[in-house]
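Structure provided below as structure tokens; questions to follow.
Letters A, B, C and D mark the chains in the order given here, with residues in each chain numbered from 1 onward.
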Amino acid sequence: MIGAMGFAGFIMIFYAALMEGLLHTTEQNATVMESGQFQVHAPEYRDDPDLYTMITQEVEVLNRLQANGYQAAPRLFGVGLAAAHASSVGIMLRGIDPDRERLVTEIHRHLLAGKWLNGDDPEGVVVGRRLAKALGLVVGDELVVVSQAGDGSMANELYRVRGVLKSINESIDRSGVFFLDEVFRKLMVLPDGVHEIAIRSPDDTYSLADHTQQIQNLVPDLEVKNWRELQPVVARVIDMSRYSLLLMLVITYSAVGILTLNGMLMGVFERIHEFGVVKALGVPPWQIFSLIAIESFLQVVFASIIALAAGIPLSLYFETHPLDLTGLASSSASIAGIALDPLWYCRVSVKAVVDPIVVLMVVAMLSIIYPATKAALLKPLAAIHHR
Amino acid sequence: MNLKLNHVAFLLFLMVVLSLTWASMSFATTTDDEVRARLILDLIDDLWRADSSESTVTMRVVTANYRRTVTMQNWTLGKNYSLVRIVSPQKEKGTATLKSGNVIYTYLPKTDRTIRLTSGMMMGSWMGSHFTNDDLVKESRMADDYIPRLGFEGDREGRSILEFILEPKPEAPVVWGRVVITVLAESYLPLVSLYYDEDLSLVRTVTFSDFVEMGGRTLPARLRVVPTEEPDEYTELIYEDIRFGVLVPESFFSLQQLRRQ
Amino acid sequence: MENLIQLRNVTKIYQQGKVQVHAVQDLTLGLALGEFSALCGPSGSGKTTVLNLIGALDEPSQGTILLEGNDLALLNRTQLSRLRRDRIGFVFQAYNLVPVLTAYENAEFVLALQGVPAKERYDRTMTILDEVGLAGLANRRPDELSGGQQQRVAIARAICPEPAVVLADEPTANVDTTTADGLLGLMEKLNDEKRITFLFSTHDQRVMDRAHRLIRLTDGQLTGDEVRR
Amino acid sequence: MGFMRIVFIAWRNLLRNRRRTLITAFSVAFGVLLSVTFTASGDYTYTNMINSSATMGFGHVTIAAKGYNDTPTLTRRLVAAEELRRQVLSNHEVENAYVRIAGQAMFAAGVKSIGGQVIGVHPLQERPEHNLFIRSIIQGILPADSESTGALIGAKMAEKLNLRLGKKLIYTLTDRKGDLVSGMSRVSGIFQTGEDMVDSSVVLLPINRLRRLLGYDAGDASLISVLIWDQRGADLVRQKLIGSLQQTGYEILTWAETQADLAGLIAIDRAGNYLMQFLVGLLIAAGILNTLLMSVMERTREFGMMMALGMSPVQVVIMVMVESLMIGLLGLFLGAVITTPWYIYMAGTGIDFSSQIGQDYSTSGVLVDPVMKFRLFKESVIGILAGVFILTLLAGIFPAIKAGRVPPLASIRGI
């Protein structure tokens, strides 16, 4: 009995942790992969991403954000052309500061081949997956980048492919070329200013909206958007998943509830004979009821301990050793253009651990009311002869 | 997806700009007006572009974000071939654009690469100017695409002028809704051309000035393009020198030649 | 008369915790066809052990047991299972009917195990039920029968397959005197009419009184063997 | 003892403790409900996504020029595509097939321009159910015929290029030799799928005009988009086409190859789905195991007695297994009873999440309606049935063996 309940609790904890992990991973993919949780732009930039619509005094802005606990990464963008092996493709040039970027996103971890940007290698660039395919690029290949620089001149320079990214999102896959920010500035003749600052909040204690407001207060003249506003489609997909997963969870909990009910009912009914004897010895009904209640409670507590003892370590294990579904997705998988990391992590949140235990306890205690009442009110003789 | 590719330098703006305006519209259609218009436009075209030419041009670009001045050399042969090579500034020296029929290449000396223009780059700015690459490519088709007629003939601002209205043919793949060209009545020298969109709103204005004698002809040495949306910006072309009838062989307009410094 | 059952120097030692219990010690005993005998002695004297050994439910630690001349030690589990099914009838102290089966179904249980065809099974079972006086209660479940009636079903179940011997472990322990008399009368009649061999274990005086042979056990040793009739 | 008798006794045993049997069966029934919920929403959603993506131009199966899938340029031609299409259509699995030209293009109007994707179609052949763009028309019509100057463009592109019905759209693309060519169309219709990416880049043009512009021969195209009756048959149809089509120089791909991202998403989602179902299955199996174990322990004496009477351990094991299976079957039955109304409701009406979610909802660039609905494939039903069957069988093994191990001795020594 305890074993069965403990097992149920264990499965529920693991299940809940997997669910949390799934939602969290999707959310992470939406933010940590590339966009960051928040982005700051010059007011008109998002409507018309012009090379000259920049955030000025970026050093001051970055410092202010960092002083308030936010990790912030500056980014520069430009459009141009990349040519290699006799073919050419339109590209989006992205100038970033790898040291700061690392604190905001995890794009540096999503390389298909080669290495991520490094300050020691100014000629090295990292390109998107489909772009590499379209141009037939492999790590080490030369790449000519052509663009119109900030002073109207022809920007063109020879680079070397340092790394090829895994699927990140549609835009990066097809056209992203990453440069060190100083390399980008030199090529594009843009001595100062940035187009975008991506931000990661230090903790989850505030809501997204609160953080957005707080950042807005720090940079009153700039436009601040959180990832839900930046990627409404992804936000909606996640919402939708959340609702359907919630539905699944409710149904699963009900199934566990029925099992527990079953177990508790059987457990009490089986011992009705015993209770009859106790009652014949003169124990009053309310004591019998409490006896059953306390016993059941202890059982559930034991079961919970088993559940926690088994469920938490397993979930924690899968928190660091994700289920690898890479083999299932032949090349990549994406939701609304955002690549999906085919690694399934557990996430051991308080909710994922407490909810199943609470459900278990509530169901168990509810389910003994009927048999315990019955046992308490039973006539001693009938009870002794019960089956 | 295709990006809005500005900034790939190409060619031979001269030829484009000019022939946009004065392309010889060589085939016959009906009205007397049209016949006359074609005749005059042919004359203008001859004025500018003999079988071959060699010229030096300075381009001045003024935008809200930068000003720049570029000097370049330009060769043409017939309607199909042209080659432009930048002489200054030093940073861009040697950058060259070759137009051969429908194909356009750009040579980048800094990286020693030649790039062929693709459809995605068509609407990009040429050399940071107010011309698009598309402007350069489209010229040869101007003749096929528009029907000219004389819209006005008489005095305007104290000068005797002719005003031609070019309407695109119904199925012509051109972006303009109408082009209006004003020339001096006695010399057929161009004064101004106006480009309208399909709703017949003015989109850009090209004015011609500084009529001087060059290469044995009288020509407007200065040409200025002003986009209607940004009236403070402009691109100006100034002819330093032009010679006609120079001997340039077809082989001159080759990829090998393009790379030659 | 040839021995139906032969125990030769049978010893059975149980390991109970750290203590070795000598349940049966060096017992030699023969049982003939048609006997109506009782193993008697106080609790713990080894009666049940002897029945278990004879019923092939347990193996002796030493000695040989022959049933109809077959050495039980030479048979494997399946053969023993078959032997029990075909040659031995059991009547238990606590009736031990299958609670979900009716009186009839319980009685025919072993016949069904033997794979006797349905028609024959029905005829034989109904005849026996009639003989034990339960023909009218054939469709009742055990919990709808009195203790005596349940034990009659158990007896019917034991004799239906016409076994060589019926082993009855304290058959009257759970019933009142009148019922016990009735049951003993029934078994006596079956022994008499059908020549079915019965071996009881008992410490019930009524049983001892009616047994034709009394085998006394004390602390697992044979202390008396008295043939009355 | 015959098998039927064992079944019979097992059945009686289950009836002995009806409440317990019923509750256990109900947990199985719940498992069925859960499994159906998981599987059916998956079956529905995946089919929906796959079919939607198939109607965005490439079909369930795509026949394209070799290498086209990797680098979809207009220089790669599928020669005599019209003839190939006729051959494809003779397969009865094929619902329809469309010859299309698809490639990158630059679209311009006035001084504005935008890069995008051109799809050349036969307007008279196209059917709305196989063409997302036609289904999504909000203004005007598809070009009248394959020679027409009309164009069907996305609402976002219309907005960006400032276009209305009847306005001129210039497109520039690279022809079969790689030269730049331009064409002109007038907007005949505007569509809106709700996804900005699609609505700002796709333009449908009459195929014959494109052919002339690109220098293609009359029967040439980029690809044949094959729509089949049932998306699950894509691989099969592909194999069949590979076997039956003459000519060479083309490749045949399924949606899983042309829409690898979508296939990946579905594969991962499905794996997650299975894992969740597996966990729930484990739970339910544990419930059955618990019940059976309890009932076996209760009946230790009974098993001992039966074996004393000559029943073999194997028969006892079978009996308990049969009990387990019966619980499973009963659970299936109850499951069908409680699942059917739920399924009927969900297959018909579904749960509408649109109040929680805005309108332009899409996944992997394929539109999905925000209604959670059900659909169950035959093989899924069989899967669920088999799953429950195996589950109850597995759950029964341990208690059954335990029952079979009961020594017959226990009975005689009892009470």
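The working rule: a contact is a pair of C-beta atoms (placed from the backbone, for glycine too) under 8 Å apart; a residue touches a chain by one contact, two chains touch by 3 or more.
The model shown is predicted, which means the values in this text are computed figures rather than measured ones.
Participant: Please give the intersection of the contact partners of chain B with those of chain C.
Facilitator: Correct list: D.
Participant: Could you pull out the chain whose C-alpha mean position is farthest off from that of chain D?
Facilitator: The most distant chain relative to chain D turns out to be C.
Participant: Closest chain to the protein's overall Cα mean, using per-chain Cα means, please.
Facilitator: Chain D is the most central one.
Participant: Please give the pair of chains with the highest number of C-beta contact pairs.
Facilitator: Looking across every pairing, the one with the most contacts is A-D.
Participant: What whole-Å value do you get for the distance between chain A and chain B if each is reduced to the mean of its CA atoms?
Facilitator: Going by mean C-alpha positions, chain A sits 55 Å from chain B.
Participant: Centroid from C-alpha atoms only, then distance chain C to chain D, rounded to Å. What do you get?
Facilitator: 66
Participant: Report the inter-chain centroid distance for chain A and chain D in whole angstrom, where each centroid is the mean of the CA atoms.
Facilitator: Centres of chain A and chain D (C-alpha means) sit 25 Å apart.
Participant: Counting in whole Å, what is the centre-to-centre distance of chain A and chain C, each centre being its mean C-alpha position?
Facilitator: About 71 Å separates the centre of chain A from that of chain C.
Participant: Where in chain D do residues touch at least two different other chains?
Facilitator: 115, 197 - these are the residues of chain D that touch more than one other chain.
Participant: Which parts of chain B, given as residue numbers and ranges, touch two or more other chains?
Facilitator: Correct list: 1-4, 116, 118, 120.
Participant: Would you mind listing the residues of chain A that make contact with two or more other chains?
Facilitator: Counting only residues that touch two or more other chains, chain A contributes 90, 170.
Participant: Between which chains is there touch?
Facilitator: A-B, A-D, B-D, C-D
Participant: Which bits of chain B are touching chain D when the two form their complex?
Facilitator: 1-4, 101-104, 116-120, 122-123, 132, 134, 137-138, 141, 171-175, 177, 197-198, 203-204, 227, 229
Participant: Give the list of chain A residues in touch with chain B in this complex.
Facilitator: For this pair, the touching residues of chain A are 51-52, 79-81, 83, 88-92, 144, 146-158, 170-171, 174-175.
Participant: With touch defined as at the start, can you tell me which chain D residues reach chain B in the complex?
Facilitator: On the chain D side, the touching residues are 104-106, 108-117, 149, 167-168, 170-174, 178-184, 197, 201.
Participant: Residues of chain C touching chain D in their complex?
Facilitator: That would be residues 48, 51-52, 55, 57-58, 77-78, 81-82, 84-86, 90, 92-94, 96, 98-101, 109-110, 112-115, 157, 169 of chain C.
Participant: Quick check: in the complex, which residue numbers of chain B touch chain A?
Facilitator: 1-9, 61, 63-68, 89, 91-92, 95, 106, 108, 110-111, 113, 115-116, 118, 120-121, 124-125, 127-129
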